[in-house]
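Structures given as structure tokens follow.
What follows is a pair of complexes built around chain A, which joins chain B in one and chain C in the other.
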Partner chain A sequence: MSAGDRARDVLARLVDASATERILISLASLVLAIAVGTVLILVAGRMTTCSAQSAVYYFNVGFCYDPVLVFDRLFLGALGDPFRGGWSPDGQFSIAMRETTLLIFTGLSVAMAFRAGIFNIGTQGQMIVGGLAAALGTLWASPFLSGTVGTLVLVPFGILVGAVFGGLYGMIPGLLKAYAEANEVITTIMLNFIAGGVTLYLVSDVFKDPNSPANQTVPLPDYAQFPAVLFGSRQDFSLYALLFGVVMLFALYYVLEHTSFGYDVRTSGIQPEAAEYGGVDAAKTIVSSFALSGALGGVAGALYVTMVIGKFQAGVPAYGFDGITVSILAGNNPLGVGFAALLFGVLKSGTTVVQFATDVPPQLVGVLRGLIILFVAMPEFFRLIGRRLLPEEDKSRAVATDGGERIADSRASSDGPSDGGVSGGEDE
Partner chain B sequence: MSEENTTTLFGRDLGGFSSRAPAVAVAVGGLLAIFLFGLIFPESIAGTLTDILTSEGTLSSALRLSVPIALAALGGIFAEKSGVINIGLEGLLIISAFTAIYVTDITGGVWVGFAGGVVASVLLALLFAVVVIEFRADQIIAGLAVWLIALGLAPFASQVIYGRPNSPSVDTPGTITIPVLSDIPFFGALFDASPTVYLMFLAVGLSWYVLNRTTFGRWVRASGENPKALDTAGVNVSRIRYAAVLLSGVLAGMGGAALSLDLGQFTGNGPTMVNGKGFIAIVAYLFGNYNPVGAFFSTLLFAGLDAMQTVLQLQGIGLPRQLIRIIPFVMVIIVLAFVGRTRIPAAAGEHYDTGDDNR
Partner chain C sequence: MDRRSFVKVTGLAGLTGLAGCTGGPGESEETTTTEASGGDGGEETTTAAEETTTESSEDTTNVGMVYATGGLGDGSFNDQAQQGAIQAEEDLGISFDEAQPDEVSQFKTFQQQFAQSTNPNYDLVCCIGFLQTDALTETSEAYPEQNFMLVDSVVDAPNVANYVFAEHEGSYLVGQMAGLLTTEEFSAGAGSTSSDSATLGFVGGVEGSLIKKFEAGFKAGAKAANGDVEVLTNYTGSFNDPAAGKEAALAMYNNGADIVYHASGNTGTGVFQAAQEQGKFAIGVDRDQSVTKSSYADVILASMVKRVNTAVYNSIESVVDEEFQGGGIVTLGLEQNGVDIVYGDSLSSEIPTSVKDEVAASREAIVAGDVEVPTDPSDV
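And now, the complex of A and B:
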């Protein structure tokens, strides 16, 4: 791929787009994914069998699954039904917040790499490695401390260990890309399989809890786990962790937008040749971006261990893959990641509610995730519709395909042409 | 800017060719070393490995494991040669693996099911093609979306239809045994195999022929290397890319259908029964330098490793099962580290605008 041409192309297209448009496209993608999901639920409801009483009827046709109920459970049920009486934050709502917290970190991990022009599909593996390292590190250190002091020292220590090991694991595909030009999409996918296999071996053999049939480490002592505040104790959620996540959203935003490292990362992401010409060490930027991305994935793993399950267990849920969706939906903007993570946190929380309340297979949410990515990837489709609806709109507007957030950069860094009067947006 | 590009391209060009030879040498040399060591010390681990390497069972299961990967790799070659990076091969394999079983289950005909799997894969490839060619979506992101959609849709459908992510068992295509030839030691495995194995050989040969000896193949290559020239010559670039992506749907669909039908079941837990084969296919054709025959041999290398790890797990040579299972993935990374600088088609990954409205 002639990277220079491609980057120039991307840059030219993105200058014309705007942050508002990105937000509109993300929302439209979500709506469209729900619409397709509705059709899918109806079709699936015709393919399965159920009794006449349990079916719902639309236009005099009976369906076994009710899309209205499904999406009601998926969104409102996920938040513990805030519009019904007796809502408590300590129920399903905490689960949505817990998932949001983890997705903030995996989303930031993917976004960080994306901004440097890297597709890090390996957040899942980095999270697994960071999680196991955090568990083992905390277990090693926990006999030396106890009580509140133990919590104050051990929780940050666990997160640090997770970040370091996740970062080191992230450096592998970074080095391979920087010095061997190995395609990071493939290496990171392979490293995911390897992380899964190696950690499964470790927790089924070397570090296995002798008192449990499951493939897991010994449970962490209570004082080494994230403390719940205000609410969330029943659902393994800590408000501290969410706040930490929100702080990281702004921190990464600051690093990317207002530091020289962030400038190197962004320019390498947009136009690697120009960045190198301007004195950016491309290889170093790739490796350090990958390391930072992996570290964020590792923190997600550490939080999963110290906040959610209190030990490391083989078979970590696919937060890393959801992070890809979160980042793409957010246009790779760290602040946008916050909103996208909230949406997917709700979806993940809703998955279990849907499973309880309906017969619809929970894999539906996986399909929705794929559809959202597909639609976000094709902004031209929405522009086409937009042009049909608003014929007076500028026809020469070009295409943005990925990384909508880069729009803001290109405007900021190139003083490019105005975006047609459409301004405003999350980073304005 | 453009001069800079050309130099980079030439740099990659040279790098690609010079770094491939040592990798092949290392792989072949390593195998030979194990082989010789095993012959001299039959009691050692190398001896066991040699036994496994030379057993007819290993070749036969390596061939069986090759089918989905090789067919998907052929599909990937056509798409990428035409300028569309199809990272969604994994998704095409998943959707065809499930549909093949489903159609076989309801019609009772194995080959009807096979055709059903191919149709499903082609439809998903068509969606991908429309999104990428018509709506200029980023090829990598759209490819990931195809994978994720199939990864959710196949177990979803299985759950709706069968009430669980795994399908019931259906008939398999069985095996075709050629008399006399199948009695040859070791290579007899070539003549006592599932029809899908023969289909794979046919597809490899045909793909090579189409790509290198026909006008269509020349157009496909031009569409990926220099779409503008093709356009100037009066050939519709979009149409060639559509054809190539749909062809990748046909080939990957055959691979996915073969995968599930040879076992007579679809398993949809976790990463499903496809379990990364689509991604290994991508590595296989990169390693094979976009040559169908080269892709086949690198597939056979990965599949051979996979076949060996199954035997190794059974024999238990000291390495734990979970670690043996990751050997093929580690191999992929090592291979990529040596031949990472593959010379990919110049225009791959880029949208091509037929009109002159863009620039």
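And now, the complex of A and C:
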């Protein structure tokens, strides 16, 4: 058997893997990543110097960095040490949840577009635009209201404004792709730069907070920011936002799997020509998918502004790009995005704990984080490739689809697409 | 290669690789090296004696450092701050831990972690960079017992010592030097100026009131030296984009500028490259860049040093001496040696004494209060 055949076999097995198998594969990848990371930490620990007391000893060899401590901090420390006494959700746990919440939205944004066969690399830009719009909108509206009423009105208003502007910004590459056949990868990347540049100009000049040396807007009043509930106030986290994110996970899942709009999106993603032949308005689907994707990115921006930093500041962290990885990790499945975002959020939270608790340089922690994500994402990535490559050789696979997903995977939605029209609307 | 021999070879290579590494814990604590990634000064080795005292004694002063985004190894701002901590470790026997945030939202996380920590209990948390202002406003309120220090900005709280710099004063001096040299036929190292143009350049990083202080001082100094001088200005929008810095500087040199001053962090590396290509001069910032970027020493006339290390060191010293004063603003200008002009390592001897004398005279005038340097370029 040649190497090529063997590779094709492995791909085919991956594609056919059941949900349980996929979870097992992911767990095995995680263990493997930790094993490789352990070796890296040990080697790095031999390459620096440290005092004898601060070193750890394995098999009578001293190492400067302790892999057990590093991974303990990276995972358990990230969650605020749930297995030690005195665990409080208000500590590091809130930070992990905060990052998870933001990544849910950027991950959903990317997944939405990917399912439609659109490579939206522009979630970052849509998030930036949505964030600035949410900040300015809320600032504009905040003098009219105050107190609890203010919170009840202003926070949803901010999210709505973020969603609208993020969506509009997402529609630009959508229109360009649908009506001018511009490659969306290029346009979205370019639009990221434009979003960053224009917002930097706006907050360093027109909307700048005169009292701050940083390029930022005036801080939002307290009542216009996401309220913390039960815990999380010290870490800028609100349980409401996380719940909102979880609701959106299911909402997007429902939209994609159980509505006619979702059916159009999925079929266009898998076989655009066939979808169009089957009566799907390709241009309309592209534009609306992009708008929905951009809106989700815009909500992420709005949450970053109203929950995390309480104003818009130039230099928004790369949640949008992380969203691409989150989405791939989740196999572009909205429900999977929740788990992938959680893994990512824990890793992001853990990075700061490791840096604080050990002498391991942040660059090495970044490498460990990258290893874990790479290892966990690769099986899914090869599955995606396999699904694209294999049907061409084996025609029976292409036939065996049901509503854009292979039958084996879509047991849950077996009643879905054909009567999806019943549940109706094109929108959420 | 079949699988088994692959495993064997990898295993062997791994073992030899590990054995070959020369690091690991020191045998008898002879020397310890600090992890100064960007440190290229000669002052960061600590001796074992101090190390043991710091670790054995219970009442060691512990300091937490929260750096600006960009982290260590930037060759200017953060490394300069680290120098202050390293110096305090040597002189005062303190010990310090470091955190390098890479996102704005992490400032608060690290500040809180240091403030919360009880093992060790941190006596001072140094926050480097103005972007930490908002985070520190909240953290200092939540931890009223914790001492903080902040560089480059002001938080009005009783437990925060604020250190700001009079960057415009130091920039005035380099501006004056540049203004005097641009109309002369001056040549040294790899650069030269021509007398037929009185044009200078300023390359900034991200536009903001802080960097504008550099620009204002530079322009004012240049105007004081020569009323006809023209200063071309460009903000690249980044502190870490050497290509943009080079492009901006090349445009200035092509428009007749002889000397370009930059206040743009790593972007300035591109300015030095452009100067070398064009056979013109540049002026460094934050540290003596003719030393830290020694490959460009033949075009760096001088550097406007901003001694963030002094601020860090002074604040640590005040904690060690139990004289920490929160709530105040310490301005480090020329008078306090917080900023200064440092002539290039290899070009210093070539700069005419008359120029140096005039610069020294202005330095005294500013310290004495006879010359008021503007902080906003529009006031020049």
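Just a few scattered comments:
We take it that the second predicted complex is superposed on the first by the 294 of 428 C-alpha atoms of A that agree within 3 Å, B and C clash if a C-alpha of one lies under 4 Å from a C-alpha of the other, contacts with A are read in each partner's own complex, and residues count from 1 in each chain.
Definition applied: contacts are C-beta pairs under 8 Å (C-beta built on N, C-alpha and C of every residue); 3 or more make two chains touch, one makes a residue touch a chain.
This is a predicted model, so every value here is computed, not measured.
Taking chain A as the reference, the larger set of touched residues comes from B, when chain B and chain C are compared. Looking at the shared chain after the overlay, A:263 reaches neither chain B nor chain C. By the document's definition of touching, of the two partners only chain C reaches A:95; chain B does not.
Touch criterion met: A:308 reaches chain C, while chain B stays clear of it. Of the two partner chains, chain C is the only one that A:355 touches; chain B does not reach it. Residue contacts after overlaying the shared chain place A:219 against chain C, while chain B stays out of touching range.
Of the two partner chains placed by the overlay, only chain B lies in contact with A:367; chain C stays clear of it. By the touch criterion defined above, A:51 reaches chain C but does not reach chain B.
Of the two partner chains placed around the shared chain by superposition, chain B and chain C are both touched by A:200. Applying the stated contact rule after C-alpha superposition, one finds that A:240 touches neither chain B nor chain C. Common to the chain B-facing and chain C-facing surfaces of chain A are residues 47-48, 197, 200, 204, 361. By the touch criterion stated above, chain A contacts chain C in their complex at residues 39, 42-43, 45-55, 61-64, 95, 197, 200, 204, 212-215, 219, 234-236, 308-311, 313-315, 317, 352-353, 355-356, 359, 361-362. Those residues of chain B that touch chain A in the complex are listed here as 1-2, 4-5, 8-9, 12, 15, 87, 131, 135-138, 140-142, 144-153, 155-157, 159-161, 165, 276, 279, 282-283, 286, 320, 322-323, 325-326, 329-330, 332-333, 336-338, 340-341, 344, 346-351, 357-359.
Those residues of chain A that touch chain B in the shared complex are 1-6, 8-9, 12, 40, 44, 47-48, 119, 121, 176-177, 180-183, 185-187, 189-191, 193-194, 197-198, 200-201, 204-205, 273, 277, 321, 324-325, 328, 361, 363-371, 373-374, 376-378, 380-381, 384, 396, 398-399, 401-402. Here chain C touches chain A in the complex through residues 14, 17-18, 21-29, 32-33, 35, 37, 51, 55, 69, 71, 97, 99-106, 108-110, 112-114, 130-131, 133-134, 142, 152-153, 206-210, 237, going by the rule given at the top.
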